[in-house]
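Each chain carries a letter (A, B, C, D and E) given by its place in the written order, and its residues are counted from 1.
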Amino acid sequence: ATKITVLNWQGYGTDEKWALEKFKAKTGIEVVHDYFSSEPEMLTKLRTNPGAYDVVLINSARTQQAANEGLIVPVDFAGVPNSANLSPELKDHANLKFGGKTFGVAWVWGITSLAIREGDKKPESYAALADPAFKGKVALFDDAVTGVAIGALLSGQDMNNPSDLKAVGDKLKGFKDNVKLLWSSEDQWNKSFAAKEFDLSVYWSGAAVRSKRNSKLPVEFVVPKEGGIGWLDNLCVPASAPNAKAALDFINYMIDPDFYFEWATKVGAPASASAAAMEKLPADDLNRVIHKQAYLKTMTIQSALPDDRREAFNNLWQEVKASYAG
Amino acid sequence: MPADIPVASTGTPSGVPARRGIPGSVATIALLLPSYAWLLLAVFLPLCTMFVFSFMNATPMGKTPIVFTLKHYQAFYTQPYLVKIAWDSLLMGFWATLSCAILGFFAALALARATTGRVRETLLILILLPFWTNGLVRVFSWTMVLREGGFLDMLLHSVLPDAGSIGFLYTRPAIVLGLVHGYLPYMILTCYIALVTIDDSILEAAESLGARWWTILGKILVPLALPGLTTGAVLTFVPVIGAFMEPRILGGRVGVTMGTVIEDQFTQAFNWPLGAALSFTMLAVVLAIFATFSGVLRRNSGAAA
Amino acid sequence: MTNVKINSVAKNYGQVSVLSDITTQFPEGSFTSLLGPSGSGKTTLLRIVAGFVTPDSGTVSIGSRNVTNVPVWARNIGMVFQSYALFPHMTVRENVAFGLARRGIKGAEARSQIDRALEMVRLPGFGDRKPKQLSGGQQQRVALARALVIQPSVLLLDEPLSALDRRLRQEMQVELKRIQRETGLTTVFVTHDQEEALALSDQVAILDRGQIVQMGVPTDIYEKPKTRFAAEFLGDTNFLTGTVSARIVTLSDGTAIRLADAEVAPSDGQSVTLAVRPEKIRIVEGVADAEPGLNRLQARVTAVIYAGAALTYVLTASDGTPFKIFAQNTTGTIIPEGAQVTLTWEPKHTILLQDQA
Amino acid sequence: MTNVKINSVAKNYGQVSVLSDITTQFPEGSFTSLLGPSGSGKTTLLRIVAGFVTPDSGTVSIGSRNVTNVPVWARNIGMVFQSYALFPHMTVRENVAFGLARRGIKGAEARSQIDRALEMVRLPGFGDRKPKQLSGGQQQRVALARALVIQPSVLLLDEPLSALDRRLRQEMQVELKRIQRETGLTTVFVTHDQEEALALSDQVAILDRGQIVQMGVPTDIYEKPKTRFAAEFLGDTNFLTGTVSARIVTLSDGTAIRLADAEVAPSDGQSVTLAVRPEKIRIVEGVADAEPGLNRLQARVTAVIYAGAALTYVLTASDGTPFKIFAQNTTGTIIPEGAQVTLTWEPKHTILLQDQA
Amino acid sequence: MIALGKFYLLAILVFLYLPIIVMMAMGFNDSSLYELPFHFTTKWYVALADNSQLISSGINSVVIALITAVVATVAGTMAAVALGRRVIRGKSLLQLLLLPPIAIPWLITGTAMLVFFFWTGIGRGMHALILGHVALAIPYVVLVVGTGLQTIRADLEEAAMSLGSTPVHAFFSVTLPLLAPSILGAALFAFAVSLDQFVISYFLSTPGFTTLPVQIYSAIRKGFTPEINAISTILLLGSMAVIVVFAVFARPGGNRDKR
């Protein structure tokens, strides 16, 4: 039997047991997983383990970098019939293009924005993160790019290329008295929220659905007036994939509306890049409510960052965190 | 047989006898080789590689052209907030090491003086056993204990139902507590090794000369256990400075240390050269501290009247 | 007044009685040796005086003060341990200064006292060495200086010389005695070595299984042991058994031994044990008559042991008893093994023991 | 033939010469003691014979076999260590069986040999104990049995008795000598204790700084030391210095000392050192004339040391030399301190030393 | 004083075991988010039985820890014997070299290993994990065994040689049995070092081969369920049982002398 290896975040759709069983029943392909816990680590794993992976999940902000390094190959959409259902804004998103070719199949998208404890006043702006009403009750996502994006949105700049980093830093440092902790995983977020350690937080849209639906946490996802931070995750085939054909079969299955319906309703998922899949959900489904299709037109999606900008973001975020600790 | 065949001179007071054939040095090398070859391959060569990385402009894994530079060693100068983080980390290391030293020294003393035989062996194993559970799980369990409304509060409220919360999760003391928990057994072990060799009669002699327990402690036990305390301090202080799990999980907002900065460089920012340069710089600082410290100690113990 | 009084002291460890009802005194300025086999309780008694061990019952006083419940550090004793117990991390001066500092004596005053103490033990100029840089004998003297400098009420020594080699040991004995005389310190000394005890002490106490079986001045203890145990423990002894009749003891082979005039003879017909010290006996080759008034015994030489200054003859007496005599190696002539010899000694050196034969 | 020959053996550690050009022989069946101060190289020499140390030059043969490059385990030596070195995890039987097993002797044959060895050291019935359950003397005997049972060519003993107390030590000396006689083993014995060396040995070698300074039978070594070092090392000695003239040595105060007839006198006018053993000297209270032909010296008693069987008088001779004499405690009468005394001894006990005065 | 000492040790044990007990308790608590109040359940143990990934990584951990303990103990003991019994030039340097594996943050060592193993073709996987774990455990073994060796007199080996043992036989028949308690202690230490190691394992494990700490580390991102408490509890109690069995039945050195 053919076997493929998928490199992804743990518990992020591709490794659902029921799905893999169905996929195997359908195609005879067995799927095993390896996980990463940060995007640079994903790239390192690709680089240091040629031939180990057949499918890899890449945030579209990293796709061009991976393509540039020759780690992934362009997608042969002929092998992915379900791609016909993909929203065109996503399927052909600029982030996925490199040298005129598309290197990834848009899979899911989501928004990083605010989550608030049910019953509290819904924030209208990211400025709520500095509101004394939330003193010691705020959690931030410990990620430089997200952090800078919020600071940029709040200071009215382009989140992918803010011109005034100092202003970004000042905005972020202004949250100091409110920040209780910096979360780095959804699990940590759930447990802390359950323990009532914070009320207002930067959070992921899909995760908010899972928290509410599966963990029964009283959380509401809010996109304030500055807008959310959009991201698009795509599935790619590494250049060294031993089973590129089977990999495409798997990717095709991953954007199948049937799979998505089950994933989103049983487990909780971000928004599918497949319009058909989204439509399969009931209209009042939480997932559909949060991930309004309209956002696709207006929302800024995280884009690739040149090395020096990335380094500047990292250093700024480090400086901001140091100011929180001091 | 001629009398003057040169034989490798390996005689020692403890005795490596004359042998025909294999000279003693070959046997010595054969004994040392597995360990040191292993360390060379698995630790020293990789670390050397990392040391070379620390002079590169970027992690030599992507497409970025590699240029050798000293810029990462200037980070403390170009990013002044790092100095503050380093200072806080050193302070945290100091408090964790001091707490370990105090708690561990007395535990070792109690082991060496108040227990014997089987009881002592059992206690030593019991002290080691928490290490057999995952460090992450242990630290995570501490959050359960320390958070507001956690086990500590529950315990308090079972005695004083109306008391407020004494939970101190997401504070520096919480980080120190977690670190002390993780490194205490090393300190106990090294102090214990130093303390068991102290002869009872030395303590009795001090007592017969009029010394009370605090004098015996300060003038006899601590100085004699100093080698153990120092080893324990190195085994605690150095890894504590580099710790990132405990600060992240127990420190919340205040959990920003050199360890987390370095970890971020490796896992988030993908700036290995900077991470390595920061590590080696911290290591140098720590070694300098220990060198100064032990120099001062040596001078003091030599000059005290 | 710094005499030490021990009154009805007893000590048990669990079921084992280590000391039972000891009452004794170490007068001011006296040098007392505690002698006894291993496990007889010497160390325990000393440690009770020092305060390391609390007696189960009884009292200890130093001078006029009952110290039974006074902790060690408040007793003002000087103690020298078998292993010296010098503080290895301190120099000689620091070791000696330790007890002074406890008494608040520092600075110039301390320095001069330390200098004096080091001079007394003949180690001036060694102050800056660490114990490891000293020979055993020197370490021993530092231990002594450390104990003396605090001007203790009592000096306690637990086998301080046993780790030294013979030559050094002899030197240290002389030194110790000199210092004790000079300071006039009440001293209690535990030793395994009978010669050492006899040479140094004003009084010797012999312990056996937790009891003092005999105590007195050295010559009394040596020349007039009361029991076989005491006689045997303190030096070599020859034992003879026989039956008393009119102050004469007749051995199994008919040899008659006269008792010393000073002895109160037991009633006739009683079986008794006699002791004769090997050095009191004169040896003559062949069968010879004794000078009148001397006791006489025939014997055969089974072995001669040469030890330089002295010869030991191992013999079998005519009644079959093994005998041993010491002869000073004055002339260098040696009676050969196998020779028939005549042994003579004065009746006053015949010791009548109290044990039942 | 199991005599041991050492030929031009030298050993250095780094720059330090520990043994320099030693040539000697331990004849078959002989008992040789190596005597010398600490650090003189006794242990090193013994360990060279055992094979634990390889000499830098020279050869060692056992019997007709040059063993210089033969490893320890193939030399068939028996060794007894100062600390006994019993295997603590094995019983007495297992300890004794160890060497037999190495020689392939097991089962019933081993059992009977072990039994015999344990009988020889008088420990039958102790086979199942662990070393910890034995007293020091018993452990020592097990160590001996373990070394003897393998029927070694040579028995090497490195201060095996020094950890024992005096009484036990004396017993073990007798035992050791008995066993050595019975087995007829060539034995080399290292000791610090001169009396022990004299009592046990057929020959004694005195080592000083890596060289054998004198070697011979015990009486020769003791009665005729060649140097001040040898005289002093082997027992107490009194030294006198003076100027020779016609076989008479005149001391600084004019006292005339006659040399022994056997001595070859040095040329007149030369300054010499004489030695007189303390036990050879007779002491008389007051100023007395000597019997004709005896040497005579006036002195004053400075101290008397009582040691039971013997008395030691510490004196100052008329020429100011410190003197020491031993008097057997035969009568129990003691000359008091401060008394003026006359010392006499036979000229044949006056030893002329080879050192320059 | 002795009573005070024992009381203090008890307090230290309470401190050391407090989070361990919490860990065990939470394995029986109903809430997957570790919420209080406590509701007893065994469902996590039931779930664990089904979680083949956690179980297989647990087994991998134990296997690696066992291999590490054996290899590091053998190699480390050899080195300790050489350092403790032989004259070696540069001995203090060799001893100093034992410190970096302990002292340098594992994160750096781990990354360094990953890169180095990748470049040299050693790669990742079980062999790489063993390579890394053994290297980290060796210094502890050398320290513990070296300390034990100091208490065994060298003349015992000499005595054995004088009775006909070769140095090798002398070591195995005399020194080794006496050293056994220290060696056992060192092995326990090495086992613990390996079992708790996640940073290095994280870098060196492969898709097909991970260890429990790696699973736990990843789970922190995904969902850290009380199943992890359950398997940790099982592992700890299992280890305790093994130690107890070892202590009772196979007490080397002391042997089975009936007193």
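One rule holds in what follows: contacts are C-beta pairs under 8 Å (C-beta built on N, C-alpha and C of every residue); 3 or more make two chains touch, one makes a residue touch a chain.
All values reported here derive from a predicted model rather than from experimental measurement.
The chains in contact with chain A and with chain C alike are B. Chain centres here are C-alpha means, and the one lying farthest from chain D is A.
For this pair, chain B with chain C, the centres built from the Cα atoms lie 54 Å apart. Once the centre of each chain is set as its mean CA position, chain A and chain D turn out to be 91 Å apart.
Centre-to-centre separation between chain A and chain B, using Cα means, comes to 39 Å.
The multi-chain contact residues of chain B, meaning those touching 2 or more other chains, are 10, 15, 17, 19, 61, 149. Residue numbers of chain A whose C-beta contacts span two or more other chains: 37, 44, 48, 184, 195.
In chain D, the residues touching two or more other chains are 52, 71-72. Interface residues of chain B, counted against chain E in their complex, comprise 10, 12, 14-17, 19, 24, 27-28, 31-32, 34-36, 38-39, 41-47, 49-50, 53, 61, 103, 106-107, 109-111, 113-115, 121-142, 144-145, 149-151, 154, 181, 184-185, 188, 193, 234-235, 238-239, 242-244, 259, 262-263, 266, 272, 275-276, 279, 283. Chain A contributes residues 37-38, 40-41, 43-44, 47-48, 65, 68-69, 143-144, 176, 179-182, 184, 195-197, 307, 310-311, 314-315, 318-319, 321-326 to its touches with chain B in the complex. Here chain E touches chain B in the complex through residues 1-6, 8-9, 12-13, 15-20, 22-23, 26, 34, 36, 74-76, 78-79, 81-83, 85-88, 94, 97-109, 111-113, 115-117, 119, 131-132, 134-136, 138-139, 142, 147, 154-155, 157-158, 161, 167, 181, 185, 188-189, 191-193, 195-196, 198, 212-213, 216-217, 220, 224, 228-229, 232, 235-236, 239-240, 243, 247, going by the rule given at the top.
Residues of chain E that touch chain A in their complex: 31-35, 114-115, 118, 124, 206-208, 217-224. Residues of chain D that touch chain E in their complex: 50, 52, 71-74, 76-79, 81, 83, 85-89, 98-99, 102-103, 130, 146-147, 150, 156.
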